[in-house]
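A, B, C and D label the chains in the order they appear, each numbered from 1.
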Amino acid sequence: MSKLKLVELTDRGIRTRIKVGDITLGEDFVVIAGPCGVESEKQTLETAEAVKAGGGMMFRGGAFKPRTSPYDFQGLGLEGLRILEKAKLNTGLPIVTEVIDPRDVSWVCEFADILQIGARNMQNYSLLKEVGKAERPVLLKRGMYSTLKEWLNCAEYILAEGNLNVILCERGIRTFETYTRNTLDLSMIPAIKELTHLPIVIDPSHGTGKLSLIEKMSLAAVAAGADGLLLEVHVNPCEAKSDADQQLNPGQFAALMQKILKLNHFMQDKAFKSSITGGDIQ
Amino acid sequence: MSKLKLVELTDRGIRTRIKVGDITLGEDFVVIAGPCGVESEKQTLETAEAVKAGGGMMFRGGAFKPRTSPYDFQGLGLEGLRILEKAKLNTGLPIVTEVIDPRDVSWVCEFADILQIGARNMQNYSLLKEVGKAERPVLLKRGMYSTLKEWLNCAEYILAEGNLNVILCERGIRTFETYTRNTLDLSMIPAIKELTHLPIVIDPSHGTGKLSLIEKMSLAAVAAGADGLLLEVHVNPCEAKSDADQQLNPGQFAALMQKILKLNHFMQDKAFKSSITGGDIQ
Amino acid sequence: MSKLKLVELTDRGIRTRIKVGDITLGEDFVVIAGPCGVESEKQTLETAEAVKAGGGMMFRGGAFKPRTSPYDFQGLGLEGLRILEKAKLNTGLPIVTEVIDPRDVSWVCEFADILQIGARNMQNYSLLKEVGKAERPVLLKRGMYSTLKEWLNCAEYILAEGNLNVILCERGIRTFETYTRNTLDLSMIPAIKELTHLPIVIDPSHGTGKLSLIEKMSLAAVAAGADGLLLEVHVNPCEAKSDADQQLNPGQFAALMQKILKLNHFMQDKAFKSSITGGDIQ
Amino acid sequence: MSKLKLVELTDRGIRTRIKVGDITLGEDFVVIAGPCGVESEKQTLETAEAVKAGGGMMFRGGAFKPRTSPYDFQGLGLEGLRILEKAKLNTGLPIVTEVIDPRDVSWVCEFADILQIGARNMQNYSLLKEVGKAERPVLLKRGMYSTLKEWLNCAEYILAEGNLNVILCERGIRTFETYTRNTLDLSMIPAIKELTHLPIVIDPSHGTGKLSLIEKMSLAAVAAGADGLLLEVHVNPCEAKSDADQQLNPGQFAALMQKILKLNHFMQDKAFKSSITGGDIQ
């Protein structure tokens, strides 16, 4: 396979910073939170308020849901995007939402502040090329079966089209273990940092699939140097049409935010700033 | 996840038969052969002649190549499809070619007798829905990290749109083993036969990634009851722009065809027709 | 890791032949059959008679059962070995049985014609060294998460101690697929043949874990050139204390033997004797 | 499989505490450090001094090395244990060392404060039963192919023999990813805490196999609530006979210890003490 050209960290060590609203990704720690799917206006707007109140910095929600079965809830589509627009209007939170078809990219950009590429579409090269031409940052999830090399090459597809604003997202890989939904591979945080200049965020909700494990994996991600987290939050998780077992309720989210911010603040201490193997860590 | 409705084998036991040219897939054993990629007119037409001469029943070749790196050969696109058209004109062999973008489906149908969905796009639901509306049979490869359930649900996506002519293709799954490129999962042959009415073909070229293993895995697939094989053949494998290690040369292909046909003929013996666990096997 | 020295196939191409009773392993196709565990004298002796009557060449049964839970049936130990001794006396079939503790090797040899090393103990080097000093052939199962390289190195451990009579056994590897208990990796047959001089047998019972898939995987193994099969047979599978879902009853076993022998006879045809990639295949 | 009886966390929530020297495992955060293998007296004693000076609480080193190839360094055996004895005499640090053969357990106990069961022997039930009878705590590594359920059942084997002092150790599982040697599964920390009363330590050295990733994974483990760490340290990693790429030198170890202790101290803050999903976390 050909070499990477654009995503690699150079000797100059300059890292990508992506400004979205008030947040500078890669510099400020970012928590992107919201429901797995946009199910209704009420559910979405209430969850957005809860995310805002709890301290979340961006709002996420899927209008297009790639589902294993064709008979499962597929998302509200354009109607869902309009609801997300209202959520943004109400809360001021930037919107992160998934796009799954290259034909949708241009008009989804009118609603999204960040375009998400889901795990199943990581190697959908037509889609990657299309978001590579879009004027929105792209959050690129790692495929559940994807090596680090393949993942970085997918980022390279996007950068090669001119869009330099890519955020990588580790969301767990598929292994033989069945206690967790996926195996969250936190070693990708320092690996991404040593190989590329792109920011990396962690999704412990999909990464574990278990409410009881999300808190500890969130804190671990902070300690390992992640640039942010992607958390599923739902006003009423029991009624969620997808991912019911892994969505935080508003109270849990707010409590977790306190811990995340407290730990992240502590990790800024200069004691943690230089690497034991030499050189600064960012 | 919701239940399958359309791909499941019913009590009546009727299996899908797909007529393409002179071949009835699901009834006649089919060997689909050709190069990984359409690289030039000369290479393609010569390989097509070799496939025809060796006894191949259909010709395959990629005009769109989903490649790990954006800097690797991406295929000739429309020009490649025109070359495939000539190959069909010269040899009479039906064309099997991959489509990777939902926007291409309608016009690729003008060149393809069977549309191939590659392993990386198995869960590209936009693409699945589009080929579900096309008037061409679809060869659906198993994703390299896909369970049988997920694979069947992807077939269900296609059938749910009205296209009932789906051929499943096992091409190896990703495991920890590195001696082979993938691990060819031949147990999917009887598994598919007991769960669905769809035909299944095996791709030992990608399934092993090693020239020296293709012969034995082809014969094993025949003995296990596969409906056909997908084999990579190239007039000059050493010069191939992709998959150089796993393409047969014309002489190897012709020699293998003899063995495949001989064994397949033998397996029609009535001694193999009824299952040891009861009921007929098809 | 250091290089293999003893298991590799040399240019002279001489393959290991292991004589056990009337059978020459590596030359004659061998079917080793019997229950997962020795549960009682009645069950074992009746199954042995059924194996003999059905055409099995060797009898297998576990007196020591490595079980996931300490509270599950652990085998009858010495009493089990004495029952196996009677089974041999009654039927004349050589005995294949597992040894799990290095302290047991010397006295288990008094009852066993072939010592089996199970998948969980593949890298139990103390045990490997001990059976390497024993005067009995060793059937070495591939670990469920072992690469080909690791497996061959374990065989090397045995040969390095002086015991040259090792039979490799592929029994399925652990993957993400859950429809089958393991993923049976038949590509190991030609891989083992091109790398080593040792015989290889296939265990489709553990390899699939599903009664309905065993027949086809057995035939596939024959067509791929395996030297033999390991099949679980039980006079009354429903009452088995372990592996109830994957044991053949006597009628199924006899019917399968007919097909296996018929196909194996056919595969001896000279049409299959020379490889398409050059050189003889053995 | 039968149910677990002894390792499960009961409603009373009492957790196992294991006193070794001055340390109470499960209460005090423990760092166990030392070379992969005991290679010579000089290397071992100097490393032990460095571990002591750097703040390590226990000393580890292998006298018996389970190696993939029979021709690789297999450890110094009894001589190695005598060297470990001197290291303890010099530094006062308790010794953690691996036992790989059931016949060795009783006399290895004379040199070891904690017996280690390595990943390859996790399901070596003869060995588990033997250490279950020993009067030393057991550090049980997770097999590289083992589910949480299987791992806990192996602990159950030890407890069922009467030895209640088991420490679990996550050391990475085998996946398709090749950038790291293994995939370190930190989600096991909260999973073990919610299912069992046993302490869990993390081995980021084997878990990543890459020096540059160990620091961040160590901190992540602390934040996730691990009871301790297992770190490979060597006075001169370049000259190590095994695991040369993943051993810290004394300076790196000392620097890492500072960060680990600082973070661990911070995590004792009461802000982190109650779980967001209810109940205390320990």
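In this text, a contact is a pair of C-beta atoms (placed from the backbone, for glycine too) under 8 Å apart; a residue touches a chain by one contact, two chains touch by 3 or more.
Everything quoted here is computed from the prediction, not taken from an experiment.
Trainee: Using the touch definition from the top, what's the fewest steps needed to get from chain B to chain D?
Mentor: 1
Trainee: Using C-alpha centroids, which chain lies at the maximum separation from chain A?
Mentor: C
Trainee: Pick the pair with more C-beta contacts: C-D or B-C?
Mentor: B-C
Trainee: Taking all residue numbers at the chain A/chain B interface, are over half used by both copies (same) or under half (different)?
Mentor: Homomeric contact, same residues on both sides for the most part.
Trainee: Per the centroid of Cα atoms for each chain, what is the distance between chain A and chain C, given in Å?
Mentor: 48
Trainee: Hey, how far is the Cα centre of chain C from the one of chain D, in Å?
Mentor: Roughly 35 Å, centre to centre.
Trainee: State, to the nearest whole Å, the distance from the C-alpha centre of chain B to the C-alpha centre of chain C.
Mentor: Whole-Å distance between the two chain centres: 33.
Trainee: Can you pull out the residues of chain A that are in contact with at least two other chains?
Mentor: In chain A, 145, 149, 174-176 touch at least two other chains.
Trainee: Which chain B residues qualify as touching chain C in the complex?
Mentor: 145, 147-149, 173, 175-180, 183-187, 189-191, 194, 207-208, 210-213, 215-217, 219-225, 248, 252, 255-256, 258-259, 262-263, 266, 269, 271-272, 275-277
Trainee: Which chain B residues qualify as touching chain A in the complex?
Mentor: 1-5, 66-72, 100-103, 120-121, 123-127, 143-145, 149-150, 153, 156-157, 160, 174
Trainee: Report the residues of chain D in contact with chain B in the complex, numbered from low to high.
Mentor: My answer: residues 174-176.
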